[in-house]
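The letters A, B, C and D name the chains in turn, as written, and every chain counts its residues from 1.
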């Protein structure tokens, strides 16, 4: 949701409709570019509840513009297909019944070609809408829709990786190797003294409602690592029996470990005595110098405990974030996802955007290789349940 | 499995390889014809455990010929892709690990085009193999493979109907209306005196191992209906509160009813006060003169109890089957699926074909609109768990 | 349910009320004798769904007489406590709401002492009722109630064994060793020629409705073992890898095996390399000369398959039963539990006694060490789901 | 765990062994007093996973002293029964295998009388041990054991209430009415300005490790209610449709609501149009002036949202706690249960006491009618999963 107090600024940001139109077209195109490397079949499946079929993402982000912008604001707009609301509504209780989440992968129709027709139809209507004088209360919704689509672009990468990486044939997505940058392993500790700091979004640019309000926090003195934990360091943890030593695990993490028989991060396979990992470029030997990824909160916390350290809080992370390089892995923090002081939800459907998920989830900070350009900032609060591994997550230590 | 005692006869039946080759090509082509009306996306999904994705059926039947015929008998045959065994093995414990059944719908690859390539490749090898002198122990396996493929053609119809019929858009499969024949509702009772009868397969033609041996049974006198129960009669049962009167239901049937909140056959929907049903030709008002279908054993048994009658045993059905018309609906019997006297399983993988399923299933007799030409006979024993509704089932009463 | 056609005979059997009264008192006392060796705590627990707490058995059998006899037939009878119907109704849909089966072990009240008060109260009313002229339609219900209580005496033994035998302290029930008779292991094959035989209950004595009607069956020639399979023979099966060879198992049996990781009969434990088994007299080394027990249908069937034989049908068993000794172990047959020709259920609540369970269960014949005196006959049809092991079951082979 | 830094003080607190002995005997006796009103049967059952049988609490608290104090510190101590470790270990991974939590209610043995013998035996050994010069590293463990037993006294009340309150006979526990104090409903708002505050335990008295370290927090200005929300106010929420309006619920709370079909707090029943609630004194009409209780976090949060307010954070609560009366209901906060700055876990088994539960739980502050004398302080951090209702919880609003 757009922070209401920033509404005027947002308008300034997209001062003229042409800018917003260009931004709309660019972002919408990017979703289709991500999917352009898929086979039709890849658009359809949902191998696990938390993954959605790519065609669903393409349809859902389109439905958002149709439902939140075109229907309420664009005069004379004809709904593409009234049944699509049932199919493409994600979790908006206020906008009627919907396919239950676990059933998304059971729907062969609408076909992929129909979803692209839907996108084309809505894009045409949006272009027309954005080419005219936009009502002032529509603008923030359009901007929200664009950031929303960028969030789904990130999910598209995660979900596509899960779909292909859990296929016994291990098909590759492409050869670009976006996950394979090399990283420094010369960690340094960055020190902060105790005192009052400010966190939360400020200024005139866009943010989600959960980043507001900017507020003071008192932090005790802390040290935070300049570098992410590498695969090599994580292999040390595995080889030291980290997955078999309950002392490092939270109780629910230990239950997760026993239930899933986890022995390594997601996508890791031991083949002829060597650790391999599936990346979007296929199955390869693990590179010890790359940052470890696809670990869940339980694993991140157990690793930190094994090192005699801890994960940073989200406040510590945000305060220190201009002293280290971030943006390749979402970084688990030890902070639960809770409202900031003064947080309020919007009265309309966009009020369901963030607030209702503030329970049983942990905050991640930073961004990842899947994050689209222009979608990251150091106040961004991502959040997932502690057992989930399929995001491009990472570990930064604190002490 | 081929009944070993009929092996010679089978050879006679397909006296020259040309006949067998023609039969092979005809049957293989029919599977692809069934699928030719699908969108690519329809080949992929598995909305419920007991349904398989159409592309899986196409691959699995091909895998059967590759694994059971080409690999052991065709000299110099190169396996198409060694990973396909993992993907397309159904339930053969003797032939290695396999994708668990519930995961079939999670596999976007092999793509549909690759499955067709696989079929083409195996077909070419089979054509070459069948054009030469076939080893005598290979012939029964080829014949079994053809009957096996015909069974999957029947499942293709059931599964496609489930995939399309549970989609909120209710897409139609085609306009042929194969389910919509009109039927006489002038039932007559056919009477048999008590005495010794013979059932089970006899003669020189193919049968599955579970149809053997032909054996004597003693039957008490009985009456069996000349006609199937119609939708109109079934609506009477619904309107008389049949789904809410525990007295007519088996205990596990009543639990099924409460758990699923069933109120009518599968694919029935009450829309504006009228019963509609989804058929392969779309969603239409229920025709009271057509035979009721997509009821499970519990529903069939409850209906019979409500009428003060019962379902026939499979022996009664077989004995009387030349006195009535059958072949449009698989007909539930009151017989559990058990071995006939003297039943033995083969020592090789084909021994897993039937015998190991002889528990907790009920026998259905006859055939259905989905049964391919040449695949029905009055000794055929189909079997399903009592809660399953997605086959083209029907009810014939006895007393 | 009482077989209606035998109603007059039943009356003759219990010609005067004094006989019936004596029988009532004797049977009712036996239930309490079985429980007299328990601690109060043992009456309460329900370690698994299919086991009921002993106090529930004591209450339920009492509730049967109160509900089926006293309330409808005894003038001026005051219900002991109207809430008890909710607690002690087992599965009679026609007699109102009831505690769900899995919750029986959650009820600390009524306390054991209260259940005994309930028994005393109902016994007093029954004594009074049976001392007068009993209405002719009440007599069959009283007799049914007595046989019903005897069935629960058998369950009391099974359930008590489960409660104590799954306790980590392995407390013994008593020192009598009722399970430890020695048996001959000199098996002989008893041969029968093919032909028409009669099975089912006949004559004037009591039977359950599922034993009727006596009817003709045609049997093929068969051989049946004079002796039960021993622990020693079963250990051979275990040591030959019987639990790891899928070829001998039904498909659902194999699933059960993998799910439960079964390696031996229920109550068997390998301690320092030796097989021990818990019996009502405590944990002891397995005696190879005693008949194997606490195997389910899947295990019995797999054992028979491993021997190259099969289980007898219930008809074969009944026909041959006067040629061998039986009565120590319930013997699994290869027959599914289905209605006999002409079977009808009673219109009143007793109609729920047997018929509604005729699905997904296998027939056991004979009796067991837990069967009370006077409760066994060779037409008796016991039935359980194929995965259940906690009855005193056994294996007799046929070929 | 004892805060190590306070060890010396703890010694001072229990300066001579006589004091500690007297405290030991008093606290141990209190557990037995709570249970003295039970029937033997009530000690045994476990109607739901999160409830433990009372005899288990009695045994487990005794096991704690035996395992943590007597075995390591008391020379010549003979273990009462080595099997009891398996039965009475709760969650200490470091001390071996244990009965899985859901099986606690399946154990009829050890009998209640045996558990009391166990208590007597361990008490005698502890009296002997505490009458001599206690090793300095044993003292903190004894004190921890006493606080541990007090925590189980609170659970005893909650669990006994659940056992009796979910029995269809609604037996009362006693007539004392400890839940029925009348409360003022004249709420006042207590205001605090923003600034740095300190929270966490300080001083020389006992605390659990999770209350340390005392540390600074920055709080924004806030108002907190002087009174708890009453039943009357909660009925307004119910009658305004609060349970049917998704807008007030967290997403997982709404799922909980739909799954359980919750319409009111636990133990509430609508009987002839009036709300009744089960308390330890039986089933009675809800008193509108008493504080609402047995609501979970989801309900507390939804109520606060409906009022346009929120729950306090644990810091706010602690800071303001000397301005209002507390101690009758545990009060939900909006704080997730997380480590305080500088929190460390002990290296020995007591390190499993608190830290490993710091995920997916919400903090409750205060105390309740079930809290034993001397066991409450304003730094105490209780914690439960957000869906649990069976504690004596309450709601205090903030804004």
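Rule of thumb we're sticking to: a residue touches a chain if its C-beta (ideal position, glycine included) is under 8 Å from a C-beta of that chain, and two chains touch if they have at least 3 such contacts.
What you are looking at is a predicted structure, and each value in this text was computed from that prediction instead of being measured.
Enquirer: Can you list every chain that touches subunit C and also touches subunit D?
Expert: Chains touching both subunit C and subunit D: none.
Enquirer: Please decide if copies subunit B and subunit C contact each other with the same set of residue positions, more than half shared, or with different positions, and reply same or different.
Expert: same
Enquirer: What whole-Å value do you get for the distance between subunit A and subunit C if each is reduced to the mean of its CA atoms?
Expert: Computed value for the inter-centroid distance: 58 Å.
Enquirer: Taking the mean of the C-alpha atoms as each chain's centre, how many Å separate subunit B from subunit C?
Expert: Distance between chain centres: 37 Å.
Enquirer: Per the centroid of Cα atoms for each chain, what is the distance between subunit A and subunit B, given in Å?
Expert: That gives a centre separation of 45 Å.
Enquirer: Could you check subunit C for residues that touch two or more other chains and list them?
Expert: Not one residue in subunit C touches at least two other chains.
Enquirer: Would you pull the subunit A residues touching subunit D in the complex into a rising list?
Expert: Going through subunit A, the ones touching subunit D are 91, 93-94, 194, 196, 215-218, 220, 246-247, 249-254, 297-298, 310, 334-336, 338-339, 341-342, 351, 356-360, 386.
Enquirer: Could you pull out which subunit C residues touch subunit D in their complex?
Expert: 39-48, 55, 83, 86-87, 99, 103, 105-112, 163-164, 166-169, 171
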